[in-house]
Amino acid sequence: MYSVSVREHLMIAHSFQGEVFGPAQNLHGATYVVDVEFRRPELDENGIVVDIGRAGETLKAILGELNFKNLDDEAQFAGKNTTTEFLARHFFDRIATKIADGSLGPGADGLVSMKVTLNESHVAWAAYEGEL
Amino acid sequence: MYSVSVREHLMIAHSFQGEVFGPAQNLHGATYVVDVEFRRPELDENGIVVDIGRAGETLKAILGELNFKNLDDEAQFAGKNTTTEFLARHFFDRIATKIADGSLGPGADGLVSMKVTLNESHVAWAAYEGEL
Amino acid sequence: MYSVSVREHLMIAHSFQGEVFGPAQNLHGATYVVDVEFRRPELDENGIVVDIGRAGETLKAILGELNFKNLDDEAQFAGKNTTTEFLARHFFDRIATKIADGSLGPGADGLVSMKVTLNESHVAWAAYEGEL
Amino acid sequence: MYSVSVREHLMIAHSFQGEVFGPAQNLHGATYVVDVEFRRPELDENGIVVDIGRAGETLKAILGELNFKNLDDEAQFAGKNTTTEFLARHFFDRIATKIADGSLGPGADGLVSMKVTLNESHVAWAAYEGEL
Amino acid sequence: MYSVSVREHLMIAHSFQGEVFGPAQNLHGATYVVDVEFRRPELDENGIVVDIGRAGETLKAILGELNFKNLDDEAQFAGKNTTTEFLARHFFDRIATKIADGSLGPGADGLVSMKVTLNESHVAWAAYEGEL
Amino acid sequence: MYSVSVREHLMIAHSFQGEVFGPAQNLHGATYVVDVEFRRPELDENGIVVDIGRAGETLKAILGELNFKNLDDEAQFAGKNTTTEFLARHFFDRIATKIADGSLGPGADGLVSMKVTLNESHVAWAAYEGEL
């Protein structure tokens, strides 16, 4: 299996509901350094997994939807804890939609799976991976 | 599949038996920066993979069992080479025991697999991963 | 000149006032991975720059004063932009106070300067350094 | 599953054919920091996945075949784009040949799979993984 | 002294003249991950060292002048070895010109010194620092 | 000022004398990832700070004097705590001797200062810097 990965970041505010979160129930924030791994079993005729230029731009655009925002104000996340692992899945789904609508180019048809990792500090990170 | 990872470290002395180890047959030592990845297919009702606070404390406690020790003096490792890959498995098993005894909280029941990586330098690391 | 450095992190929310900040005028947040470098010209009788255990605990305690908070609500920062460079100076001053009050042990008398670096992402960081 | 990983690097020039590459159609170059992960289900009698000394030397020798070269001049790559993902597969195959010919020692018989990752910058990397 | 640092990268081909370079006399290439540190003794009225948005755009534009190029074809470098340390100085001078012409905004007047670091691999980097 | 830096590592065992060290009074060990920064005000006629090949070999040879050893058995360190900061100075002095005896080539005459950093974990490091 081949893969290509790209990295971008975003900076958000949020708070969590639930005793398990301790002081993170307060309004606080995070920098998430986001890695997206695109996978396919064979390279296309150009010798690539994905158009890395379009992949990077798509990732930046998707992170831009939430960058510099307070996630507690986002209607789409009402009643949800926007944990690192939850957001990994959110970005996975958003990128999958972009692959499906052709934003990453026709060659992106060959992608079979993806992994999205959010690095929240030098000692903690979370990920979601799945089929496309 | 979702995952959450945490990082801690320990510093130990040890020596190896066997020609394949060359100068590492001498008593020497290592810093191991240890990453533990916890995995589950669905998030719990709080939107998390695992209570990251308890996960970090558990990891620190388990590494503390060997931290600042000479592993050549540990009866549990008699007749074994405490290589990086061997220790990855050792910590995997220790953490698995803690998950089973409830140390990571009741939500840790949902964990299905785990990966333990020991980074021994900027150019070498080893891991053990398996089902829970 | 000798130095010893330790690393910790905190996660906060805040917003900025001023056109130069663009979208960062919104309430957002950051993870700051904080490095503190302690410097002295000669080692003490133990062969150390500073008691690294106390240094780490002190840093953690100081970051804990703001960790998981919305800095916009802190009276001490009223009318100030809590930029990365501003916070580097804030933590520098807080640690200097702790050195002066003996929190890092009597050996910390020999420290002559310090540098505090806040890493806010994989592509940006800021620092403040000065004499003690 | 156990794994051991080693890191080395090489520095090459090359150019790509195809509109998708934009300015990378020009002759340019890259540093590739190469990680090779060797995997086996059980440790050998020494408690290791692979002789890490031989693994490192083998990797260095294989990267040395292309280090400080212009890949556009390599007959073996004629008509191919030497993208990061293509080169990951190239090094995978070269190392697999070395495992098969005994260069990593008799114990390397037990290896079942491998992953080769090429880090091309702080924001992009590619990999190839497969069975042995 | 305060500082703010930003990171970008470029990918180039080149060759060196002189026996000291060994195999690097061949046409080869490199990824340079470039860090620029801007320094000033006091923050401006916004609480910043420099407009980080403009700083990043300026750095990207300057690296773009050489990105995806063969430096052996650049008339400005004729008769020079474009070593990592030489390029650190080149970028230092280019950025200094941009500060002087107002590209980083009027607040950049207060900058007193700068350091440019080029990371060429996980085991080697070079820098140039100086007054402005 | 120009600088060039190279990185290597070593793995040792040791113990410390003194209550300030707590559990590190036990025999334990460390991986030190060692960075050496060579500095000079102007480049030589080849456009370099130092012959990076010789610099790397020299560093590797000097670290090899202690690599895979128990520092408690080294007569040269009798009565000393081989702390990270102490070892930074030790390696500084050893490299300075090699510069003086011509091991880094005649061009190394132009070096004016040096910094040696020992990274002992992802959260702690120490350094010694001085004139040559």
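So that you can tell them apart, the chains are marked A, B, C, D, E and F in the order they are listed, and the count of residues begins at 1 in each.
Definition applied: a residue touches a chain if its C-beta (ideal position, glycine included) is under 8 Å from a C-beta of that chain, and two chains touch if they have at least 3 such contacts.
Just so it is clear, the structure is predicted and the values come from calculations on it, not from any experiment.
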Note to self: Same or different interface residues for chain E and chain F, judged by whether over half of the residue numbers are used by both?
What the structure shows: different
Notebook entry, point to check: Degrees of rotation, nearest 5, to put the Cα trace of chain A on chain B?
Noted result: 120
Checklist line | Winner on C-beta contact pairs when B-F is weighed against C-E | finding: B-F
Next item on the list: List the centre-to-centre spacing of chain B and chain C in whole Å, with centres computed as mean CA coordinates.
Entry: 30
Notebook entry, point to check: Between chain D and chain E, what is the gap in Å from one C-alpha centre to the other?
Noted result: 30
Next item on the list: List the centre-to-centre spacing of chain A and chain F in whole Å, with centres computed as mean CA coordinates.
Entry: 41
Next item on the list: Give the residues of chain E that touch two or more other chains, as numbers and ranges in rising order.
Entry: 7, 122-123
Check: Quick one: in the complex, what on chain E touches chain C?
Finding: 1-8, 43, 46-49, 51-53, 56, 105, 107
Margin query: Going by the contact rule set out above, which residues of chain B touch chain D in the complex?
Written below: 16, 18, 20-22, 80-86, 88-89, 122-130
Notebook entry, point to check: Of all residues in chain C, which touch chain A in the complex?
Noted result: 7, 9, 11-14, 23-24, 26-33, 67-70, 120-123
